[in-house]
Amino acid sequence: MAIIEIENLTYTYPVENFPALHGVNLRVEEGEWVVVSGENEAGKSTLCCIIAGLIPSVYRGKLEGTVRLCSLDVCQASRKDLIHRVGMVMQNPFHQISGGRFTVAEEVAFGLENLGVPRPEMHWRVNDMLAQVGIAHLARCSPFSLSGGQQQLVALAAALVMHPEVLVLDEPTSQLDPQASQKVLAVVQDLQKQGLTVVLVEHRLEWAAEFASRLVILEKGTICADGLPAQVFAGLAGRASGVHFPAVTLLGFQARREGLWPAGRPLPVTIEQAVRGFRR
Amino acid sequence: MSVPSIWVNGVSYRYPGGARALKDITLTIEPGSRVAILGHNGAGKTTLVRHFNGLLTPTQGEVWVGDFNTRRSAVEELSGRVGYVFQNPDDQLFAKTIQEEVAFGPRNLGYDSSQVKVLVQSALELCGLGALADRHPYDIPWTKRRWAAIASVVAMDTPVLVLDEPTAGQDARGLERLRHLILQQSAQGKTIIAISHHLTFCAENFIRALVLRAGEVLFDGDFLTAFCQDNLFNEADLQLPQVTQVGLKLGFKQPVLTIPEFLAAYRQYLSDRTVISEE
Amino acid sequence: MFDAAPGGWLYHLNPLTKLSVSLAFILLAFLLPSPLVSLGLFCLAILPLSLWGGITLPMLNACLRLVAPAAGVLLVVQGLFYPGGQTAALRAGPLVFWQEGLAYAGLISVRLLIMVSAFSILLATTPPAKLAMALQQAGLPATFAYVLAAALQLLPEARQRALVILKAQRARGLRVSGSLLARARAVLPLVVPMISSTLVMAEERAVALELRAFRSGVKPTTYYEIEDAGVERTVRWLCGLLVLAAGIYRLWL
């Protein structure tokens, strides 16, 4: 059954005149890894807030259509019910640190504390998550003393420790260097293999296309493409959509134009696909 | 406009806390060059460029911008020669409108009002903010604020322009605009220095690569030479552009940086293969 | 000003104990009118305690920076202008320093010394978040405890941000020194980004807290239990009794 069901969604922020999203339909099955891309201000972050269950309970505004997360209608479900089911990691690592805790372990535990989880359970869940994310050695450090990449791993652990069914990542790597970004994505990939549903907003499709089982492109608040990455790229090729094609895809596209890549062969999305394609 | 050289002579820098961020760096940045500064976070990139306009002064050694020694000149004095766009626009936007914001720098530099008007107008156009000139900086999205910050420094019309992570968070259109801005400013003879993780973008738009690691210069030379050095980018924790990687994996003799270069090399590769199979 | 570094036995004490002892010192200094009592407290209690905990240097540094200038001003102002001045202690040309004024300034300075030194022992050995958590464990509402800890912990970050803003504006040619007019002009470009970036940060942090069930209506649990040895409770009781005794002495004797 679909874990995210969005039907005919139109959403307008309070005091805005124009909807940030309109006519959006999206069904995501359990265990999928959906990458969302599109130009700036196309509505990607708003879609994240919708899927994280922050609309309409935290951001008010006008919502039309239906949004069901893990079979819960967001207009009726309580915040508490949603918090257990969907987690979110945002762009700025520092802004996600609660600021009220003095070790990484406590910072990760903060959400569990607020839900009144008993201490022994909290201890094993936190230790388990710190190990999974690969920051067990930082457990006793102050979150303020960490690098941006490490802080983002803390934010990731803090979201995952709530054991969500869906994880939303809103450009989680835009402020990290390539090495730290890959660490974050590798952790997410691991969990996705264990059954977590992942929605990732990302500009740099060079990295994301490799993981994605599905690519959704937003344009001015509507979904303009949705499918396998190679299909989506083929459909968008040559159109100014603000989408950052992977360089290998652009390479394949140009090669096809010059007769160096057979018309019938799908465009390459990863380096390996390009190498294999060009070797033939 | 005379464009100054930047001389960095035996510079070491230690933060007040004690951490040593730069170790004995010597280099020259010639007038009109386009230099990309690459490296892992914490490699000292930002620390280095903050020496170019005197925001930091070396613990040891000296930095000269033209005939100004940064140790003996005030930042305000150097700001007319080296413009520096910070990473986060929220650290500097304060005016009521974008237009006012962009006019702040040139006014500080003492341009007369008609010059200021011209400079502001062209910077706004260049950064795609023409239609937003009368909006409040905080009424527009972060990515547009980013451009407002870039415009506010471009309008100062300094002979040297330093951009700190200008590619972060840019969509394809933003990168295209950035490319245009860099090439347009460079065509006026200005020196352009950028810090970026976006190796593909840098390889396409900059000539000289300056790779730092742990406060030291790991490599200084043109991009083509940089890509010929096998282990350089591994050591600096940087990823080669995808097109270059594909070329290397196919066994091209020379590293390729751009798509046309790749396709030319690929044609050669195909004909070589035919020759071999015919033999 | 202080970075509470782990280590030393004072660090591992319950923050409430350190807080009670500090408060007791300060209250004693204010309740007992003789400056000799305060001076005694400093030399015989606070100084040995700081030596034992290995934090004498940062403590003395704080006293030097905060108390010394204040004491200097007090001695001059009170010495010259003390309203009940009768006995001249020192004459320097037309100026007369009154003995009563100097004594009064001395008393206030010594109390100030106790205040600063006692609190610096607390702050130099206690991360703010740990203090807030100890208060929460003692019954302070979790929301208050969070706000207290976050405010104290985010303060150094705000200072860092202020420095970055200063740099960014100077790079755009802003002059921050020179004439009064130039300085007045520099205020807006420095203050507005500070406020707006704080607002942006606060908004994002509010969402981050929301995602982590902050104020979800459930009674929160805490990850760590702050140890509270029997000895420490006894020490806190003793502090209370001492202050009470001093109060009674002050009121009735």
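Each chain gets a letter, A, B and C, in the order it is written, and its residues are counted from 1.
Rule of thumb we're sticking to: contacts are C-beta pairs under 8 Å (C-beta built on N, C-alpha and C of every residue); 3 or more make two chains touch, one makes a residue touch a chain.
Nothing here was measured: the structure is a model prediction, and the numbers come from that model.
If touching chains are joined by edges, the resulting network of the protein chains shown connects every chain directly with every other. The greatest centre-to-centre distance from subunit B, using averaged C-alpha positions, is reached by C.
Of the two chain pairs examined here, A-B and B-C, it is A-B that is joined by more C-beta pairs in contact.
Once the centre of each chain is set as its mean CA position, subunit B and subunit C turn out to be 44 Å apart. Between subunit A and subunit B the centroid-to-centroid distance comes to 29 Å (mean Cα coordinates, whole Å). By the touch criterion stated above, subunit C contacts subunit A in their complex at residues 6, 127-130, 132, 142, 145-147, 149-150, 153-154, 156-157, 201, 204-205, 207-225. Residues 50, 53, 55, 75-76, 79-80, 83-84, 86, 88, 90-94, 104-105, 108-109, 138, 152-153, 156 of subunit B touch subunit C in their complex.
Residues 38-41, 91, 147-149, 171, 174-180, 203, 206, 240-248, 250-251, 254-255, 258, 260, 271, 274-275, 278-279 of subunit A touch subunit B in their complex.
The touching residues of subunit A, counted against subunit C in their complex, run 52, 54, 58, 79-80, 83, 87-88, 90, 92, 94-102, 105-106, 109-119, 122-123, 126, 140, 142, 144, 155, 158-159, 162. Within the complex formed with subunit A, the subunit B residues making contact are 40-42, 141, 143-144, 168-175, 197, 200, 237-239, 241-243, 245-246, 249-250, 259, 262-263, 266-267, 270.
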